[in-house]
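As written, the chain order gives the labels A, B and C, with residue 1 at the start of each chain.
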Amino acid sequence: MTDVWINGTAMVQTGRHYNLNMDEMAARVLDEALKDAGYPELDALFVASATAEQADRQQMLGTYIAARLGLDKVATYRVENADGSGGSALMAAAMAVRSGVYGCVAVVGVDKPNDVLSNQQQDIYSTATDSVYERYFGVTPVAQAALMAKMYLSKYEYKYEDLALWPVLMHKYGASNPYAYIRKQAKIEDVLDSELVSDPLRLYDVGPMADGAAAAILCGRKGVAKVLGMWSSANAVPFNARQDYDVLYSAREAAERAYRMAGITPRDVATAEVHDSYSILGVLAAEALGLAPRGGLLASLRGGSEVRANLSGGLKSRGNVMGATGVYQAVEVVWQLVGRGPFKRVDGSIGVIHSMGGVDATSTVVVLGL
Amino acid sequence: MRAGIVSWGAYIPKYRIRTEDIAATWGDDPARIVDLYLVYEKSVEGYDEDAVTIATEAARRALRRGAVDPKRIGAVYSGTESKPYAVKPISSILIDALGLANNVFAVDMEFACKAASDGIVAIAGLVESGRIEYGLAVGTDTSQGEPGEHLDYSASSGGVAYVIGRDGVAAEFETIYTYNSDTPDFWRREGSPYPMHGEGFTGEPAYFRHVVGAAKGLMERHGYKVSDFAYAVFHQPNGRFPMRAASMLGFPPDKVKPGIVVTHIGNTYNASALMGLARVLEQAKPGDKILLVTFGSGAGSNAFVLNVTDAVLERQKADVPKVDEMIADKIYIDYAMYLKNRKMVKLFE
Amino acid sequence: MEHESVPLYWRNIPSYYRLAARRCRKCGEVYYPPVVKCPRCGSSELEDFQLPHEGELVEFTVLRSVPTDYMKQKPLVIGLVKLGPVKVLGQIVDAAPEKLKAGQRMEVVFRRVVVDGKYGLVMYGYKFRPRP
């Protein structure tokens, strides 16, 4: 089997891109990534998007992105796992190269949730929950995350002020990331005073919906960073039926298997981008990746340690670019490994991305190394 | 063997609005309104409740109280004048909501407030003819009055369901009588949100003529005296009409008061007299005779003589909410919340 | 005119109206939502199982950022309620959130869930409220 290397990367600043269609936005960032890779011949395009159909009424987004660049005859695949589409598309792309079928493929993540109103954003996001048994009754991902937050804080005897340390840290990192949507620092008072979204989660616990597009070129020939391990795992137990609510089962499994494939342990991880669609999920993801003991992350934040996760500012600062998130994470981890601006080179050669769909419905973990 | 009530269940939504809060909005003198109607507060459905949900809760309670196997119900008749649909049955929804068999007569009935008791009559017939074993008659309403108009002080929400059969009867139908005529005292045209009514015309020519006509007709034809009855329960559009009807028939107030529920929950329309009956059944003793007279505008009344049996004691002990408990279980809302709950605020569609 | 799928609602009536779960005839495990094969023992022999209409509150949250259908009903109280052998996610109604406590007894009620505009179907289903 062929090794898989990331040869080119590109991303745009996230936020509100009212003036760009999805396919155009994606095409532009794809072109940038191709340029970064030296314009290799592209065999296939893997498109990650959570909102293409529901917000912009577009199926087969890949074919239309290809049309904007004249990439005739390229194979196009649409990968959807809600806000975990990015990681899934990345892994699909990597598997395609690893199999030897394709020489170079692109993975492009694009979503424009700001094309619709905030209540419509919740409508779309709630289609990531069980449509018949959850969405129908008004359950949304933030409600599920809030239930987990309540139970986690109670179980480990934390106060909300402890959870608030996560968004404060995310804002600190995001403040130095010009690609992020929200770049202002946050004091703990800002978090505590912010309006309730679904208690105990407040505005600062929620990654704001943001438009974005990012792309990575994966080839069989040597590039900037190598895919050392990857795994995707679904948590097939419905939210209501889960045993424990202080663990992300899908993230834990995906991380374990991806680390095993890469031959690493959590100690080897120099940088990680995890899926903090909500602060509590970021905390749980970091623990699932072994960056802190179960139930222990907030205690270590409280004690003054900084977790080496989400140097981009995570979904908190980057915003929730939905399906594009996983691709952003890949670009950011590569830049953190090599020291490409705005990121300083991290101390180590291994980076991990954790991309998740819904509230622990499915996770993809990809291990990248120099 | 005659058919009778095997079990009953009632449901009153938790929310209440006081007469004085409605009066304050529309410039009425609350003291005068209370004096006119003797309605102090009325029940209001929650935003997510309607005649169907109320019917379901009442029916579930009726089945539970009598420990009746839903699969043995052979008919479900719903009487309402506030269906969410002009065309679509709610009896069919009850089949699935209660887990009834499909081989069940399912009928929606309309005769203003009398419809539910028409269902009782029909089911009694089906039971006595041997065509069904048990039947479920449900009265449910979330009727509205025009805002600012007097009817809105009493128009309220509630539901009552009766399981009728021949086995396990707690109150037997000894006699049934009816009195109907074309008397347009109150109606609602297709597409109209609120009913029209004839104010004073709803009294003598309508309510009293038919209620008293039915009661008198029943008593004369079958030789009953007032003293035969322990209780008299009447349809209750307000707190005054039933007391006056009672006095016209010679019933002393203390035989009527136990069946009066309107003063603190308002007029639940199809559930009105039936709710009064449920309250009476929750305190009646074996051997008691009850006179029940319903009324529906348009107009007509059904009159029933019920004989309470020993089985009522078992039903009274069942772990199912009682009418008085429901009347007391309340949350007050203001007029703005009232309009919101009743979906009377104009929104984008 | 866009409207909600009627077959989608109709076929889920046993769940929505009666909380009909499935139980594995072989190992006895109960599943809600219903499964096709028992995840525990792999058996395909599943039978209908009626969940009790009473239970206890596991946890709840007051959701303020609501989907379109619920904009006029916010905030929604979303709760996880244990009904017999399973937990069920749903709305809690007729209760002030300040008075709710994990562990308290709850009962199932039958309510409107979604109304499909002015002309479409009224869709019903279960919700929870504190048991008096």
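In the analysis below, a residue touches a chain if its C-beta (ideal position, glycine included) is under 8 Å from a C-beta of that chain, and two chains touch if they have at least 3 such contacts.
None of these values were measured; they are calculated from a predicted model.
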item	value
Central chain (distance from its CA mean to the mean of all protein CA atoms)	C
Relative to chain A, chain with the most remote C-alpha centre	B
Approximate Å spacing (C-alpha centroids) for the pair chain B, chain C	30
Inter-centroid spacing, chain B versus chain A (mean Cα positions, whole Å)	58
Two or more partner chains touched - positions in chain C	73, 113, 127
Of chain C, residues touching chain B in the complex	13-14, 17-18, 50, 53, 72-73, 93-94, 109-113, 117-118, 122, 124, 127, 132
Residue ranges of chain B in contact with chain C within the complex	14, 46-50, 52-53, 56-57, 60, 84-85, 93, 96-97, 99, 321, 325, 329, 331, 340, 347, 349
Chain C residues within the chain A interface of the complex	8, 12, 15-16, 31-33, 39, 59-71, 73, 76, 78, 80, 86-91, 113-114, 123, 125, 127
Chain C contact footprint on chain A (complex, rising order)	118-120, 122-123, 126, 130, 132-140, 142-144, 146-147, 150-151, 195-201, 206, 236-241, 245
